[in-house]
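Letters A, B and C mark the chains as written, and numbering starts fresh at 1 in each.
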Amino acid sequence: MRSERTLKITQSIIYYKMEHKKKLSIICFSGDFDKLTAAFTLASGAAAVNNEVNIFFTFWGLNAIKMKKGRAFTGKGFLARFFGFLMGGINNVPLSRLNFANISPKLMNYMMKKSNVATLTELIDASIAVGVKLYACEMSMQILGLTMDDFIPEVNKEVLGVAKFLDISEGGDRIFI
Amino acid sequence: MRSERTLKITQSIIYYKMEHKKKLSIICFSGDFDKLTAAFTLASGAAAVNNEVNIFFTFWGLNAIKMKKGRAFTGKGFLARFFGFLMGGINNVPLSRLNFANISPKLMNYMMKKSNVATLTELIDASIAVGVKLYACEMSMQILGLTMDDFIPEVNKEVLGVAKFLDISEGGDRIFI
Amino acid sequence: MRSERTLKITQSIIYYKMEHKKKLSIICFSGDFDKLTAAFTLASGAAAVNNEVNIFFTFWGLNAIKMKKGRAFTGKGFLARFFGFLMGGINNVPLSRLNFANISPKLMNYMMKKSNVATLTELIDASIAVGVKLYACEMSMQILGLTMDDFIPEVNKEVLGVAKFLDISEGGDRIFI
């Protein structure tokens, strides 16, 4: 069965795969400083080596793409606004462990700068610069009372539900962070 | 090399892929209200657009499929029963952040209802209705002293180890939540 | 279109896939007792059924492969050493929930032994024994001021960035824990 014919066919498969750009899609659910750092490191790194990278921000993850970087009463409705205030923005994201009243993310940032490693906000900028596509989850936006105006302009105007997300990420890897 | 022959072969690959239903398998490790919501949103949404969806509940995730929805001394052995009580059921699952002594999941539920978004228990029911298959992890059941009788009847009677899970999820995406 | 020709081609694809060993790559970001247990259960189980398994340890996950199993001032620089002390080693990893000042991991270990389930350190040893390959994340090492000397000797001497990781895990599943 493993004739020359088979060989040719496997070659064609390999060519077929090469013609299609590799794709990586991250469901960014977490809003922790350390996990966001992991997500954007992976995203910018993969895009740098020519992968198509999509990040789909949902729930706490939306903190990474909010326009207001500090605590603010964003969203519609009293509860949503209050919850939005508690969640804060990218400058308030906590460390998932050993957070010590939000001192640790600042320490971590300092350690990253000292080690000549890109900080979280630098990683987000880098990801956008290398063409990582950013999407917001429709359902989370509804629950938290957020609109596209609450996000940075680089976020895709098209909000996504599960079906659209599956469509966009089809044929590539899907990672939940 | 990119002759008509190659084109035909790539077409066949596409046909081959279309004949096979897409598959999504979720390892649901987390027992947090927000992460469970993400898991069941993804599961029910993917099943609705004709994916084969399997959820493999392990450790804290088992809380989602327990028969008793509140705190109860389930399982065998004193420690297991005590731990089972602390873990609780689907009505006790905490928010992964800003939990405030379990007030937040209730607030979140209220916000979900107000936004006309399905609540967690509705999402679980919807997932079952659209044919998402539920499995329990054998090892976690052993550690926590749980038996099939502790779970809702929709859970597959076959408990899974790693090998069986890999077998069932083979050829599709695997996501850890 | 679904002629015998197509059938033969799909067969070749299946042969092509069979010739290539299945591959599973875990990004082990978490340093929680329960999540590490999940990671090493999956890794050792997959390797046991003949998968190529790579674990890429990053940030908190590095705790699993540190040479010193307890708290120690590892790393370079005051902050890194202090943070390293707080992080501890494999004997200090907390439960992600209901941790109760680190009593729970010990209880959990006891429950695992009583249920004849492999404990975390046994799972790590088993993973190494069945050929799971361990890698450390370059950037995390830089931030935390760690060197290869701080890790157990079974860790691959080649430290990985994102590009290398994508390369090694290419063609298989990628799971973030």
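Everything that follows uses one rule, which is that a residue touches a chain if its C-beta (ideal position, glycine included) is under 8 Å from a C-beta of that chain, and two chains touch if they have at least 3 such contacts.
Keep in mind that what you see is a predicted model, and the values were worked out from it rather than measured.
Overlaying chain A on chain C by C-alpha atoms takes a rotation of 120 degrees, rounded in steps of 5.
Annotation: the chain A:chain B pair of sequence copies touches via predominantly different residues, less than half of the used numbers being shared. Between the Cα centres of chain A and chain B there is a gap of 22 Å. Among all residues of chain C, those that touch two or more other chains are 9, 13, 173, 175-176. Of all residues in chain C, only 9, 11-13, 15-16, 27, 29, 31, 58-60, 77, 79-80, 83, 86-87, 94, 139, 142-145, 161-163, 166, 170, 173-176 touch chain A in the complex they form.
Residue ranges on chain C touching chain B, taken from their complex, read 1-2, 5-6, 9-10, 13, 22, 24, 34-35, 37-38, 41-42, 44-46, 48-49, 51, 96-98, 107-108, 110-112, 114-117, 173, 175-177.
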